[in-house]
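One chain, chain A, appears in both complexes that follow, with chain B as partner in the first and chain C in the second.
Right after this comes the complex of A and B.
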């Protein structure tokens, strides 16, 4: 126990238990569904998880600052549709340009959210609830309710979801899964190593103290929303590649899934703590449940209910479980030790 | 080494140039002159204590030094150079840091990161190993052993303050402000903190030490400055100050601004409280209140006076002790029970606990006893409500065109009268008033005082918590003084002088002040 306490933090215990839960869920579904342990199941779950993960990474940054971004589903749908429209009209565009167009579009929408929240002083839940409806409304209006079809897209894009980059055993790693893994690695490293990203934790953890040492809270909140928008844009591109056929309701409900992934993954909804890696585990949990329940023939509406239940359980149990763990981890606190001899010890100390 | 020669209690070397000089500082908030012509000098290696009653201007001065407020007038010089301190970050760049009673750490960040969070020039990439090593070195130099990897959440208050001090030292602080740092520490932790303070003094840091604990001030300070009513009254080397002279400076205002309330013939005992305690908040409080009597509760902020009021009203029930009302033992577990027993509590916080600001005056007054205003079908009889409100409006001279006006539109004094009406409407036998005249103008204050006198004359027992010393002395038949959750004594009207009450509130011996 001592060793455990020295080397593992309560938050990591929580992530570990989530990993165990995922394994348990997979074993249960494996016994209920015949032919569950196949590459096909993995690919299906992995592509769904990949998109949720990328959105959840951005959502994590926003939630760390004590905010929430409900507009992500609309941003993903919007970028998927309009990127698809642009590519359909210009089949010769290089892949990198297409990706940058999608990210740029998402970023622009994130900027709108960020400006209103950070400098307008409007609560993020209201702002992004508004832009959720506005972005979706714009999509429906400008699209004329037409559908982007696979036939209109260039071959490389249509083939992307089935493009295998490399194999691990019999499981092939597909491009969009690799994109998601890259996003997780980049942002996990950034949030644990870069001083700039550590400030997201600081301003969410204690806004008063952050203000007192002059951290630019407004700029940080703005940055979080811009990154969330950009990552949603990337997820929009991934959605376009995965489905090929994009309607105006694409990615509807993704905000629920991303928030669920974030809180199930142990990110504190009140800000200040949580990791990108945790959010990814949350996304894996949710993607696994969703695809597996689908295979079990459970209706879409019940699947949403299960998601809602997961969010409630995660948030309600979080405080209780983490407090218990922290109490278990709490040290005796501080002790004063003898001062090293090298320091000048005059006056009171020598008496 | 010059700093090494400094010994406790010795006046700081006058030869050392001052690190911070504030001259002729003034600050005004609305009608209140918070600071007037204050000049203060801090020298390296000096522990400079700041004493004063609540509202004497200490906090305002600290906030000016840390860049939270800008002075209306006056000059601040740092090492001889005039500076403006525009923000907290700027104060930090100037080497001025503050530690408060409640440390302001980031609970989710670890100890090392808390120490270095506001450092510039440690690079864009966190080198965790170097950061942990540096943090451990700083703490070791302070003689503190603390796991630098553990999050700040869950550290004891004393440990959190050590982290704050480590943070200040790592920023090469020249001036360290400590605002009541010992208020929530145990005796052992205070000893640890003082050891750190002495080390800092040897390093040549100027320390501004604010405390309400006289014995601590005399243990640690080199210089003692006393504030009163926004003015600096005296600055002296500690050797020339005694607790009595400091208290005399703190309270030495003109008395007699308020007329003493005429005494009322006392009736039977209404309330009898014995050994009332709430774990960790207050202990063994015992007093009686008679019909028609005003018992004043004096003491400094945080002495536990409001907590006794909250316990009697059942908001934060007491954990032990007895409450007798009209000779019968009662238990008060909720405000509803308290009201049923005829106890009313007028909160010090009008906005949070007292009134619903968007609701009308009439609706606020009827709220605690709404059942009296309901028809058999559960509808509110608004006519009846308005009639009651009108009666109170006349009786308390509430200045409003209409009792249907939202309470939020009234001035502070009139809001206070509405709150008083609201609780008088419950027909209390015991009225608890918490800071009944704070933040209201002189005219409204006199009207509230007259009302308190009338209510006492009607036979209501009144418990009045107030930090306004002249008010306590003028209105009370007897004064109970509290300090750090303990009852320091009850003084009759004849015994209660400013000096006596303040001496008790500061925890000094009665005979020492005589």
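Right after this comes the complex of A and C.
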């Protein structure tokens, strides 16, 4: 126990237990569904989780700062559609330019969110609920009710989701999955190693203390929204590549899926704790459940109910179990605790 | 000379006959009528085509009032449709053309509009109970849709038959439900299709991603699936793309109702060897003519009434055989597309 306490943080216990839960779930589903342990099941879950994971990575950064970004679904849909329109008109554009256009578009929308939240002082849930409707509205209006079709896109883009970059055994790693994994690795490393990214935790876990030591809270909140927008832009590009046919409903409801992934992945909705890796695990857990419950023949409505239950459990366990764990760690005199064991209760906390 | 006259007279008589028998009048042009065209929701290519057709009819009929193409946003389809119908009634437009996505939930709003003297024409998808509706402009006969789907399935799977699944749009769409039922009925009752077995019915809500994921999930759930039948233009493309992405086109074919401009590639590469559709441009055109004729009073919404709808010719209002109550104008026909007859 002491060894465990010395080397593992309470938050990591949380992620470890989620990992174990995923493994248990896979074993249970594997015994119930014939032909479950195949490369196909892996591919299916991996590709359906890839897009949510990228969005959830951005969402994590925002949630760490005690905010929320509900406009991500609209940003993904908007960038998927308009990037598609640009590529359809200019089939010769190099891949990197297309990706940059998508990221740039998402970033611009993130900047709008960030400015209003950070300097306008409007609660993020209200701002992003507004921009969710505005971005989707702009998309519907400017799309002229047309559909982007696979036919009009260049071949490299249409083939991208099935492009296999390399193999691990019989499992082929597809480009779109590799993009998602790369995003997780980059942002996980940045948030655990770089001082600049650690500030997200600082201003989220104790805004007053962060202000006292002179951290630019507004600029950090702004940065979180811009990064979330940029990652949503990237996810928009991935959506375009994967589905090919983009209508104005593209990526609708993704905001809730991303919040669900973040919360199930152990990111504290009140800010200050949680990791990108955890958010990915959350996305994988949800993806595994959705795919597997469908194959078991369980109706869509029950699947949604199971998902809801999972979110409740995640948040409740966060409040109860994690606090106990932290207390345990604190009692044993370990100094690894990086967050006070209290939930924020001040008015400031709801910002 | 007398002979010639007689011949000429009989020819004139013959030529005149169809006109006399049909007695179909074209509606008087140039009337100022405010009309609303309401699709299920915005952002679907085929509804845009219907809008084109309606604009074409509006131009021909020289209606000085601008046609309002109003639709709800996709996530708000049911409530949005009801709201648009209610607002149109308050504004006092002359006619509303609805592709109903709200089942019978739209009845109170449609009835209120109808009671105010507004002509309510449904097109593409009717009001199931027909309450508050003057007439339904049916793209094709709904029972025939079932047969066309069954024939395509038989053509693709061959005499040995096989397992197939339906990928529909939303559970509230009256047209989808009617087609699926007609399809299921004919497979059950006609021995010709005895070897075609429907193993599942799922809904993709006319959302590309959801339809794509549902198609993949069908494949996983039913390892010996051979055909996905999607009677929706969004679902069929998504399913075809999914099968292509998973390199399953050799094993699992896609068919159903699809837009040839979107499906061309999949017809050529064999993922969707056959699919069918009618012209949505014509459907919008006919819906506009019908609503316009009703609003001018030159056409009465009753069984047996006839009128001339511009370039499409003569139409007759009949009882709708697929609904208990309700009148219908039948457009038709189906075009079945293969790689050999794609429009350029």
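Note that the second predicted complex is superposed on the first by the 324 of 351 C-alpha atoms of A that agree within 3 Å, B and C clash if a C-alpha of one lies under 4 Å from a C-alpha of the other, contacts with A are read in each partner's own complex, and residues count from 1 in each chain.
Here, a residue touches a chain if its C-beta (ideal position, glycine included) is under 8 Å from a C-beta of that chain, and two chains touch if they have at least 3 such contacts.
Everything numeric in this text was worked out from a predicted model, so none of it was measured.
In the superposition on chain A, contact is made by A:250 with chain C only, not with chain B. Looking at the shared chain after the overlay, A:297 reaches chain C, while chain B stays out of its contact range. In the superposition on chain A, A:326 makes contact with chain B only, not with chain C.
Shared-chain residue A:198: touches chain B; no touch with chain C. By the document's definition of touching, of the two partners only chain B reaches A:273; chain C does not.
In the superposed pair of complexes, A:58 makes contact with neither chain B nor chain C.
By the touch criterion defined above, A:236 reaches neither chain B nor chain C.
No residue of chain A is contacted both by chain B in one complex and by chain C in the other. Within the complex, the chain A residues that touch chain C are 35, 40-41, 44, 48, 136-137, 140, 143-147, 149-151, 161-162, 239, 242-253, 291, 294-295, 297, 300. Contact residues on chain C toward chain A in their complex (touch as defined above): 39, 41-45, 47-48, 51, 71, 73-75, 203, 206-209, 212-213, 216-217, 220-221, 223, 234, 237-238, 241, 245-247, 261-262, 264-265. Every residue of chain B that touches chain A in the complex is listed here, in rising order: 1, 4-8, 87-90, 92, 104-109, 113, 117-118, 122-126, 128, 140-141, 143-147, 150-151, 153-156, 158-159, 162, 192, 195, 198-199, 201-202. Contacts from chain A toward chain B in the complex involve residues 9, 192-196, 198, 201-202, 204-206, 208-215, 268, 272-273, 326, 329-331, 333-340, 343-344, 346-349.
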